[in-house]
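Heads up, the next two complexes both have chain A, just with different partners, chain B and then chain C.
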Partner chain A sequence: MRIFWLLFSYEWRHFRAAKGLVLLCALLLLTGLYGIYYGTTEIERQRQHLTTLPELTRRNVEELKVKFPGPADAGDIGYYHTTYAVHHPDAWAALSLGQRDVNPYYVKLRLLGLQNQLYATDNTNPMKVLSGNFDLAFVLVYLFPLLIIALSFNLLSSEREEGILTLLLAQPVSSGVVVGAKLAFRLAVVLGLAWLLSVVGMLWAQVPLDGRMVTWLGLSTLYCLFWFGVALIITALQRTSAFNAVTLLGVWLLLVVLVPSLLNLGVAAARPVPQGIELTIKQREEIHAGWDRPKTQTMNRFFALYPQWRDTATIRERFVWRWYYAFQHLGDLAVAKQAAAYANGLQQRYDLVEKLNLLSPAINAQSSLNALAGTDLPTHLKFQRSATAYHDALRAFYYPFLFRKVEFTHADYAQEPTHTFTSQPELDTALRGLGKLLLSVGGVFAAGLLLLRARPINPR
Partner chain B sequence: MNYILEARDLRKEYPNKLALQGLNLQIEPGEVFCLLGQNGAGKSTTINLFLGFIAPTSGAAFVNGLEVALNPLKIKEHLAYIPENVMLYPHLTGLENLALFSSLAGFKYKEAELLDYLHHAGLPAEAVRRRVGTYSKGMRQKVGIAIAVAKHAKVLLLDEPTSGLDPKASNEFSQLLTQLSAEGTAVLMATHDIFRAKEVGTRVGIMREGELVDVRPTAALNAQELEQLYLTYMHN
Partner chain C sequence: MHSIAQKEFVSTLRDKRFLVLSVLVLALLLAATLVGRASYQTLQQERQLAQETVNDQFRHQPARHPHRVAHYGSFAFRPRSGLSLLDSGVDSFTGTSVFLEAHQQNSVNFSQAQQSGSLIRFGEMTVAFVLQMLVPLLIIFLCFGAFTQERETGTLKLLLSQGVSLRQVAWGKIVGYSRAVALVVAPALALAAALLFGTEEFASGADLVGRLGLFVLSYAVYFFLFIVGAVVVSAVQASSRAALVTLLGLWILGCIILPKATANLGATLYPAVTKAQMDADVHEEAQHGINGHDPQDQRSAALKAGLLKKYGVDSEEKLPVSVGGIVMSESEAYSAKVYQQHFADLNATYERQNRLSDWVGLLNPYQAIRPLSMGLAGSDFAHYVHFQQAAEAYRYSLVQRLNALQASMGYGDKERKLDAHTWQQLPLFAYQAPPLGWALPRLLLPVVALLLWAVGLSWLGLRLISNSRLA
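Coming up: the complex of A and B.
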């Protein structure tokens, strides 16, 4: 151990002398801080946006009170009144934004058909989506491997190429201890940076003090260890620094860019998902057809589903709201299978990626961090289910007014259901990811050590 | 007889080359054995096999009675090595390099002792606290000598150690070898320098194409005879 710590301490001196590496670490630290700033700013922007929504609802109610000063038909209110299903971020979302930039974090709802409202989101700037999120998770998953490569590509090869290794290994020092001390020092630098950034990020984002902190640190540690394991394998091949650098960058490109892209294509082909737009168009056509269908036919279909309203008066007028909302709802039901298939398809794609992400620790780490932060696809689907349930609650609130012809008074606004949904971490996914990363780390280190054993270090 | 260095039918083959064929060699404590031969004759291979840097194809090398292949770390406690071109950590000073390599060898010297070793190796006082990156090849070689001497090893393995040294420094190095030999240190030195071999060697061995073709005590030959013998083998 004495030799190990001696070499470790001298590694610090070698590191200090390599100004480029010190600069690189400082740059990555700044990049990480920017990532934290970016993530917290984005989540703060979303939070600010969400806090304005109740005010918008309140103003809408005020306008309706002016428009309908006395008791009103609930159908008018349901038509003109807007409310919101809101998806509040967890504090951890600031560190791993996941899909919160592409999936809507609120849905504007009226009493009309749900499906087109569920997917009628704000336009997203495709250029912004293309560049992705520059959050801390991005820095950890995509940029930290590059630092590890820069620190480790010449782990032994530089000393071999400079001729120092012959003198070093002529001492009673095992090559395993030399490699171990060098790796351990680099690991300390990288993990020091990763943990520092993570802790700063946690404090900045004001995350709750719970087990997720340990899970996050565990995921970051294992992910970095994986890349050090890859560096160990390349070191064990005992090739030149240039070969090592090119090979490691190739592995980075393969695992961080190529495999995820191929996986995306493969999963899209293996699990086809109907387009959301098809669903919306079908629902729209169904609703429009409702205007032309005989009212009795529409209402009988509706009453078959909601017999509690069957005893309401037969519709003889040209237009009544309860008929209007009935065919709106039947429009939703007409695409219920497609809506379920769409959500199931997305979930199945996600599940397949979860199964295959052992092929790319980068995807595994990213999805685990997203799961931990509650910014992954399953959380979004939960929000959509929650928004659907809220729409059901709105219908349940308005239907007695509509079908019993009860007038809607100003006092009734306060009785209207409201919605809130806060992301919850997908801890099982994160812990599974942790296990898979552990497997990957075990695999690369076992391969590296076996290679080292099979081919002892040649100092020349 | 306890030999400090011994090679028994030591053989090293590479896919396209027979680097060493059945070397048998015994070196006693205090003996200076000089290996002469052209480039590729097998001198450095022999040293690398004793250092355990490469594994023999067959046969065995022994250091202080320990088989190198079975005791790769233990044998290095008994060996000090000076390569043809001593390379050190360029951002550390000569003093720091010596401190590092001595510590790795298990010695914890005070600064004054380290300075003493460097001084005796011939490194100018003004250079000891300068970064090695600014050193000439000869200065690095002197630090290499200091590292070897500070290790107090029973065996010195030298691969063209005076390469890059000026005549004065080479002469001082010869004196140092003589002194170490007198103290019981065995030396195995690969060299092209016939006159240095005659000057410091107890025995010389001539290597050709991986084979030790002749071994003579230096006392039995003068420099011209040794040169003639060497040239004869080389021309055959």
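Coming up: the complex of A and C.
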């Protein structure tokens, strides 16, 4: 054990002397801090945008109060009044932004048919979304492996190339202890950095104190360990530094770049999603046919679903709002099956990726961190369901006015339901990811140790 | 020098590692071409079918009031550009269809990125991806030992003692490596060209030939500067290991870190307005007039008074035109003008954000080839905006035609409808992607950046080599 610590402290002195490596660590620390800064400001901006929405609704109400100074027909209000379903980020989102920049975090709603409002997107710069987010998760998943590779590609090979290894192994030291001490030192440096950045990120983002902190640290630790395991395997092959560097980078390229992009293609082919646009087209067809159909036909279909309004007066007018909103809603119902199929298709894609992400710990780590932060597809689908429920609540609020012909007064605006939704972490997914990462770590270390045992370190 | 080039070329081909790597890259290139082609076809067919469906639906509407038709509206689907099978650019992150209706401009919805989880953020397997990121890596592996190895084995001294200058050695190596790289990349590009021009859908296309030609040329320059850069680094660094680590570090910085960092920085420096805020502002200005001048009700009243005066009558009933239709037309023109301004502002903001990345192209060739490649492929932001504007122009003309029809119906138009055949005479949305001549001026900065790199590296780098005491 004494020898182990001796080697460990020797590594420390060596590391301090190697200016390049210290610089690299400092650079990574800075990029990590930038990642945290970027993530928190991005989420802060989204939060700030979300706080302006009630103000927009208030302005809209002010305008309506001027437009309809006295008691109004609720149908007019429902038509001109806009409100928002909002998706607040979890504090963790700042560390792993996931798809929060691709999927809209609010939906503007009117009392009209839901399906042509639900999929509207926010303004986005496609170039920026293509380039992706520079958040802490990116630094951990993409850049940390590169640091690990830079620190350990010449673990033994440089000593061999400089002729020191012969001297070292001539001492009464087992080669296992040498490799162990060298790896342990690098592990300490890398994990120290990862934990430091994670803790700074957690404090900066002001995450709640709960078990997720442990999960995050566990995920990042295991992910780093996985890459050390890969480095161990390459070290055990005992080739030149150049070979090691090329091979390790090749593994990085394979797991972080190639497997994800190929998997993306495979999953898209294996789980085709029904075109979302089909449902909007069909819904439009249904709604506009509503204008041309006999009113009694429309109303009878509506009353079959909402018998509580059946006893209302028969419609004789050319236009009346309750008929208008009835066929708007029937348009939504006509495509309910397509809407469900679309959402299911997306969920199935996600599930398939989750099943296959054992292929690449990078995908596993990324999707686990996103799941922890509640920034991936399942959370967005939950938000859409929540927005749908809100639209139902709006209809339930307006229907009595429309069907009982109750006048809508200025006091009624305040009674209108409002919406809020905050991302919930997908803890199950994150914990499953943790388990799978553990499996990957076990796999690489077992392979590395077996290789080392099969081929003892050759000093030359 | 020829013999040096020949020697590098032959020994590269004999190198087993290079063979494995290049077969891998070639396989990926071919696979990416085929996959790109397949996904191109599916998406194109889907969009074409959808466009035909909505066009059909539009033409076969029953008798309706024209304003109803304006609300029924239509959809515009963005067709994919021919070369997007090589470089899909921002296509996966932009919506595919936009609903065109009276009074408002809707967002372009249903992007590919929204239809997959965060997996898509790891990057997509396209030909451009292989060419931009993986081929440079191959070049690095190929060239990092160009000088260091000769020095480590002592052959460089021998070579120089035969009266060859360092510059000649360097050029010889660069030419030799270039041939080897061309051998890897050419088959895939030939396949892509065959796929592109072998099918009838692309049969017509001097434009496409021009785009593909420039596409190939830009990548040739891109690879060339990587080869020169790697050879220079190899000459300047003391050992093969140092050369390799330096080159890989530069690759990571240029291809992974910088593009993301600058895109993020751009978005932070030039914040864009949200759709909700923009819609509210547009509504505000359309209702109450730009800067509070002439609000809508005043404009309508003035319009009505003008009509009465023009036709010399004292009431709306006696007018030969429908006041509703005229007011509708005026307010559409007004709100479209307001929308246009806000959209122009928004796009200007986005362009400022992207400009930052384009300027960094002067420092980082990856950020020069990326916009150039997608610009040539017709899948960049500018082409997307072109589509958005074409869709808006069509929406506006369609709605105004319908408003004119309503105006011509005269007083009491709301009680009447127009015949079903009316809708068959309205023009349909047909999108024509802009030609190469439109795209090129927008790509000036990346072109200049790439050429500066190639010329600068060849000149400065080789001077550095011949001035150094290598042997």
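The working rule: the second predicted complex is superposed on the first by the 459 of 460 C-alpha atoms of A that agree within 3 Å, B and C clash if a C-alpha of one lies under 4 Å from a C-alpha of the other, contacts with A are read in each partner's own complex, and residues count from 1 in each chain.
Here is the rule we use: a residue touches a chain if its C-beta (ideal position, glycine included) is under 8 Å from a C-beta of that chain, and two chains touch if they have at least 3 such contacts.
This is a predicted model, so every value here is computed, not measured.
Student: Does the superposition put A:Ile3 against chain B (first), chain C (second), both, or neither?
Tutor: First partner only.
Student: Any idea whether chain B or chain C touches more of chain A?
Tutor: It is C that touches the greater number of chain A residues.
Student: Under the stated touch criterion, which partner chain does A:Leu167 make contact with: chain B (first), chain C (second), both, or neither?
Tutor: first
Student: Name the contact category of A:Phe421: first (chain B only), second (chain C only), both, or neither.
Tutor: Neither partner.
Student: Scan A:Phe228 for contacts with chain B and chain C and give back first, second, both or neither.
Tutor: A:Phe228 sits against neither chain B nor chain C.
Student: So in the superposed three-chain picture, is A:Asn370 touching just chain B, just chain C, both, or none of them (first/second/both/neither)?
Tutor: After superposition on chain A, A:Asn370 lies in contact with chain C alone.
Student: Write out the stretch or stretches of chain A touching chain C in their complex.
Tutor: 31, 34, 38, 41, 45, 49, 52-53, 56, 59-60, 63, 84, 98-99, 102-103, 106, 108, 116, 119-134, 138, 142-143, 146, 150, 154, 158, 161, 241-242, 245-246, 249, 253, 256-258, 260-265, 267-268, 273, 275-278, 280-281, 284-285, 288, 291-292, 318, 346, 349-350, 353, 362-363, 366-367, 370, 375-377
Student: Touching chain A in the complex: which residues of chain B?
Tutor: The contact residues of chain B facing chain A are 48, 51, 53-55, 72-74, 76-77, 79-81, 83, 85-92, 96, 100-101, 103-106, 144, 147, 157.
Student: In their complex, what parts of chain A are in touch with chain B?
Tutor: Residues of chain A touching chain B: 3, 6-7, 10, 13-14, 17, 162-164, 166-174, 456, 458-460.
Student: Where on chain C does chain A make contact in their complex?
Tutor: So the residues of chain C touching chain A come out as 17, 28, 35, 39, 46, 50, 53-54, 57, 62, 64, 68, 71-73, 75, 77, 89-90, 92-97, 99, 106-111, 113-125, 129, 133-134, 137, 141, 144-145, 240-241, 244-245, 248-249, 252, 256-257, 259-264, 266-268, 271-280, 284, 287, 346, 350, 353-354, 357, 380-381, 384, 415.
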